[in-house]
Amino acid sequence: MNYKKITVALFLTLVCSSLLVAQEVSIGKGFVELYEGSGLRGFMNVGGWKNLVMIGIGFLLLYLGIEKEFEPLILVPMAFGAILSNIPFAGFMEAQGILRYIYDIGVKTGVFPLLIFMGIGAMTDFGPLIANPKTLLLGAAAQFGIFFALLGALLLPAIPAIGFNGFDLASAGSIGIIGGADGPTSIFVASRLKPDLLGPIAVAAYSYMALVPIIQPPIMRFFTSKEERMIKMETLRPVKKLEKVLFPLILLALCGLFLPSATPLIGMIAFGNLLKECGVVDRLSKAAQNELMNIVTIFLGLGVGSKLAAENFLNFNTIGILILGLLAFMVGTTAGILFGKIMCKLTGGKVNPLIGAAGVSAVPMAARVVNKVGQMENRSNFLLMHAMGPNVAGVIGSAVAAGVLLALIG
Amino acid sequence: MFVDGLNIMVLGMGIVFVFLIVIYLSMTLSSTLIQKFHLKYNPEPLHVIKVNTGEKDLVAVISAAVAYSKN
Amino acid sequence: MNYKKITVALFLTLVCSSLLVAQEVSIGKGFVELYEGSGLRGFMNVGGWKNLVMIGIGFLLLYLGIEKEFEPLILVPMAFGAILSNIPFAGFMEAQGILRYIYDIGVKTGVFPLLIFMGIGAMTDFGPLIANPKTLLLGAAAQFGIFFALLGALLLPAIPAIGFNGFDLASAGSIGIIGGADGPTSIFVASRLKPDLLGPIAVAAYSYMALVPIIQPPIMRFFTSKEERMIKMETLRPVKKLEKVLFPLILLALCGLFLPSATPLIGMIAFGNLLKECGVVDRLSKAAQNELMNIVTIFLGLGVGSKLAAENFLNFNTIGILILGLLAFMVGTTAGILFGKIMCKLTGGKVNPLIGAAGVSAVPMAARVVNKVGQMENRSNFLLMHAMGPNVAGVIGSAVAAGVLLALIG
Amino acid sequence: MNYKKITVALFLTLVCSSLLVAQEVSIGKGFVELYEGSGLRGFMNVGGWKNLVMIGIGFLLLYLGIEKEFEPLILVPMAFGAILSNIPFAGFMEAQGILRYIYDIGVKTGVFPLLIFMGIGAMTDFGPLIANPKTLLLGAAAQFGIFFALLGALLLPAIPAIGFNGFDLASAGSIGIIGGADGPTSIFVASRLKPDLLGPIAVAAYSYMALVPIIQPPIMRFFTSKEERMIKMETLRPVKKLEKVLFPLILLALCGLFLPSATPLIGMIAFGNLLKECGVVDRLSKAAQNELMNIVTIFLGLGVGSKLAAENFLNFNTIGILILGLLAFMVGTTAGILFGKIMCKLTGGKVNPLIGAAGVSAVPMAARVVNKVGQMENRSNFLLMHAMGPNVAGVIGSAVAAGVLLALIG
Amino acid sequence: MFVDGLNIMVLGMGIVFVFLIVIYLSMTLSSTLIQKFHLKYNPEPLHVIKVNTGEKDLVAVISAAVAYSKN
Amino acid sequence: MFVDGLNIMVLGMGIVFVFLIVIYLSMTLSSTLIQKFHLKYNPEPLHVIKVNTGEKDLVAVISAAVAYSKN
């Protein structure tokens, strides 16, 4: 059909002629404009290489999150946030940028970590802790790492030659809390005490939580004997529903009375847990555990990732934070185990000291690690439920420690 | 500042221990009371006329309404 | 193994020596600081006992919500919000507090009640009303309680001796709407007319809605004879899909034409209902009913609870509100029943006057109460579907009344 | 029972006497106030008829969305937003109006379209594109409609006599992007370049996307021969999981390097897609696809609808936009098909030119239309999977085009 | 102010009744029209080529794509 | 302004094509490398002690805890 060909020809002519006309004018200028606004050019600007390095770190975190399954739920969004916010001229952190909105609305205000805490409350069964409340002490002992790292941060001398100014008290507190082995608590405290360090602190907190199966076992074996590791514990008593319902209320009441600065964290976990345990608001409990939890996790990850800006991350502070954070973890684990040994002695060998290591929190990974280390000595030794007690106690313990820090430093 | 740190450490670990011990005591007390007085958690609507008010009910009524009107 | 013991010993020595050093310095000062910031101390400050009373009220509401299942979906979060916001120094209502954000973003703006209305629209089947539209009149009559309580509020004399200044018009309108027996409507109107009274009004509205099975039956029996209560009603005609789809559109059109001030409420319920009935956007309808509804319910409860501040609640206004609210409920129920009796007469006994009581709304409880009271006289009398008509009509009726109040007072 | 009758009588007397008293005073004034604030009156004000027309358009969009199933997920909320925001005195767009909040928070900022893009990423399988990456070129060619319409918009002369001032560059770019056949991209670009035109642009974009089954087939048949339409394509090779996981990362890296202005769109789609493909964060992927997607869709629709204000819609701009948008669609389709013919020639007849039409995006409708048109010639020809490649390539292509426009005009 | 209240009461109850009666009349009218002209709600895409556009379709296509590429 | 438009058109279509061709080349390169070196996507936790850390695990532990304590 001829008229088709004519249409096609006409169309192509139009296109070509417009190309010819346009080529005479300032296409070059437009091209330069595009080039000037490209990431390629941005990376070559002063300091641009830093963004490139941060993007590299973002991809590394992605790799760890996806391929090695290090806390992927938070690491994948966080890594993506880091990558996006370090692309030059992409404007994610500028006035109208989406990551800026997310950070300002939910991270800077502390709202997202608190909603995560509500979700954790709605997901956590405090039964094992109620059945054996003595394990609360293990959750207390393991917080020693927090204060140890705080002290360590203060001891680091300023070395102006390499641009390191030492850490002030607010920074030291934010760093110490990494030893609490609880991501949202770390983010919450850092957002209140030292938002500039939020990026590296969150990275350290989640990284070490993911590394629990690597960091803890050697320490556990170093400080315990084979006999201690083989101790079998008595089956936990059954817990009544009423005890579970009252638990969050008791927690809240005591926190309000003695340490209000910890109530944002403790209050939200108690709220979530009450939604779960009271049994008459299942719709809300499920929303807190699922819909809201998932949405907030995406946004929290992106928002925290957006704080992995080159100027805040690529400096000697970060190295200090990573080292101190690791120390905090190790010392916390050690303190938990040593206290476990004391409890073992005092109870005449009824407590397996390994469960003290779960006191750092890092729920539920630390409890599982305890179980595995125990089973390496004795396949029939099931410590999981016994380790869940100190494990959830550790969450409470680090929230309390956070409250103390916020009250004394904040 | 190092002294500040030491203070915070002592105070902090002290508070953490004291606080968790207080929780421990309160839980033990509450468990004891529950055991002693045979308290139970048994949510039941207090109504002159027994009408369930939970959400299941809402769903039931709405389903009924839906079932009715689907014709 | 000796080296282990040495490590342990060294570690313990470090801990102990640091304790000794630290004890020489100002641990006392830090302790005082913590004590000064504790809830214990806060309750002993001037006015601190009021916070304690409010927390007690919070726990009472929790008890009612959980143990007695009084509208637990809203009462549990509301009670928790009240407790949290009354803990001294916890800062939930201060500039960076999470409850402050929730209140400012969703309650003060009226956004949360409107989203709840959208969800209610997506959950409600207007079929029984469409089948028997005459029951709209019952939903109109039962709104008399609103205006009765409004008048009552204006009649209360100011008694400066006890610190009661009487109610102004805006307060009276907000109080009256409690008689609408519809929580979100009450919250919406109060947030526009008199935010200071929002706390007690919301508590009154949800409490009386929960108490419908106690409040209504005596009134129902007082104003009706046994014969009236035994009246069986004709089976409702089937309703066509098209009627259901058109209903929200008609509702919206009329509301826009005659009473725009009611369109925020009516418009959102119509929107939600259209999502449900049109059948082509099930994803959105389900999101409005579930995900969004649950999340907003949690936040609305917390946000409203945060208005249960001591200074706004512990005064004679609240007593007046609780009494007037109860009156509004009772008068509304009475008006509905009396109008039901008139309809019974006019139709030659085809209408059971009991269903008039469902006109207050309080969906679906009031309809169920009608059913039960009917069955007490005659086990085979199923009034549920017949009562659903006036029941949902009551929601529309109180939204219209709210529109009138907003237009004339707001 | 006598006392009952007395109560009733007393009650009725009270009501009637109050009516009498009240009638003496300014009920008339109140009635006038209500009338002055009614929609009826509003429509009679200067310019009020325009609101009425816009409401009519809203109902028309509802009809198209519901009865004709034109993209109902977005059209139903959008139509409702248009109706609500055009009701006089209802205040949906005023300072405390819910639609104003929704628009300001999510549409003006570009947050909602970006979240939709994340959801699309989490829902899209790029497998067919990875299996046959040459189809990317078709997705590029079909963007010609964007720039054609842009040029067309600039060519329209200003006709002051009818109040048409011609389009400036920002307007032309926003109009052109309609040819990208991608709703969120259009909304995002318009919100950045020309928010005033957002309403008609969104309406045009979604309308034409819905009209793909009407607009495209005649063009497809006009430019292709029966033999071409009957071409069967080779089965696509299987795609490895690793390729799918790497795809969003490659996309992001290239976009960051060469066209940062497109990263908000491309970055969010890559993020969503990575959540889906990495397989270790299913919770988040599902949240992005469902909960978050549905909630944001409701709000985006309402927010965009709120921009269908009479003053922005009822003018000659809108007519121009509708015509230019249609042209953009048609030219884009044509360009895709013509490029398909070129590829057909170059590959010796292995590519069915029809699949070029799917390059406009409008996922997945355009791909289905290709399949149907192909099957009309040969029932056993399944082009669906082959058309999905250019189809999703079209999404990327128009996001890239959007980036160019934002970089050069924005 | 009491008189204001009385006015609002009369006006309010009046408006509520009138408005709900108007709704009643409109519904009756609409139901009558629907019955009389045998109108039906029967959403059907008006397409030259019949292609479903609802979300089921989207899911179908995506599932197909997924099914295809899972190998 | 018409010239501006032409420029944008040429530049725009040019960039779109170049960019999508670059994606095409990168994808081809990546697919080739994957094929050549038999790379696989096989996420597996690198742990001295093998402990799964995904969410299934979390759910499992919590369910276990729930199961245990429901008596």
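Letters A, B, C, D, E and F mark the chains as written, and numbering starts fresh at 1 in each.
Everything below uses one rule, namely that contacts are C-beta pairs under 8 Å (C-beta built on N, C-alpha and C of every residue); 3 or more make two chains touch, one makes a residue touch a chain.
Because the structure is predicted, anything quoted here is derived from the model rather than measured.
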{"item": "Contacts common to subunit D and subunit E (chain labels)", "value": "C"}
{"item": "Interface copy of A-F among D-F, C-E or D-E, judged by whether over half of the contact pairs recur", "value": "D-E"}
{"item": "Rotational angle, Cα trace of subunit B fitted to subunit F, multiple of 5°", "value": "120"}
{"item": "Subunit D against subunit C, contact positions shared by both copies (same if over half, else different)", "value": "different"}
{"item": "Farthest chain relative to subunit F (centres taken as mean CA coordinates)", "value": "C"}
{"item": "Far-end chain from subunit B, centres as C-alpha averages", "value": "D"}
{"item": "CA centroid of subunit A to CA centroid of subunit E, Å", "value": "46"}
{"item": "Mean-CA-position distance for subunit B and subunit A (Å)", "value": "26"}
{"item": "Computed distance of Cα centres, subunit C from subunit A, in Å", "value": "37"}
{"item": "Sequence positions of subunit C contacting 2 or more other chains", "value": "18, 30, 34, 66, 69, 72-73, 144, 151, 244-245, 258-259, 278, 280-281, 283, 291, 404, 408"}
{"item": "Sequence positions of subunit B contacting 2 or more other chains", "value": "6, 8-9, 11, 15, 43, 54-55"}
{"item": "Which chain pairs touch, all of them", "value": "A-B, A-C, A-D, A-F, B-C, C-D, C-E, D-E, D-F"}
{"item": "In the complex, subunit A residues that touch subunit F", "value": "18-19, 21-23, 25-27, 30-31, 34, 66-73, 123-125, 127-128, 131, 210, 213-214, 217, 236, 238-239, 244, 364-365, 367-369, 372-373, 376, 384-385, 388"}
{"item": "Complex contacts: residues of subunit A adjacent to subunit D", "value": "4, 7-8, 11-12, 15, 18, 30, 33-34, 37-40, 42, 55, 59, 62, 65-66, 69, 72-73, 76-77, 80, 83-84, 87-92, 96-98, 101, 290-291, 294-295, 297-298, 302"}
{"item": "Subunit D to subunit A touching residues, read off their complex", "value": "109-111, 114, 144, 151, 192, 222-223, 245, 249, 252, 256-261, 263-264, 267-268, 271, 274-275, 278, 280-281, 283-284, 286-288, 291-292, 334, 338, 404, 407-408"}
{"item": "Of all residues in subunit C, those that touch subunit E in their complex", "value": "130, 133-134, 136-137, 139-141, 143-144, 146-148, 150-151, 153-155, 168-169, 172-173, 240-247, 250-251, 254, 258-259, 278-283, 393, 396-397, 400-401, 404-405, 408-409"}
{"item": "Residue numbers on subunit E that touch subunit D, as the complex places them", "value": "3, 6-11, 15, 43-55, 57-58, 61-62, 64-66, 68-69, 71"}
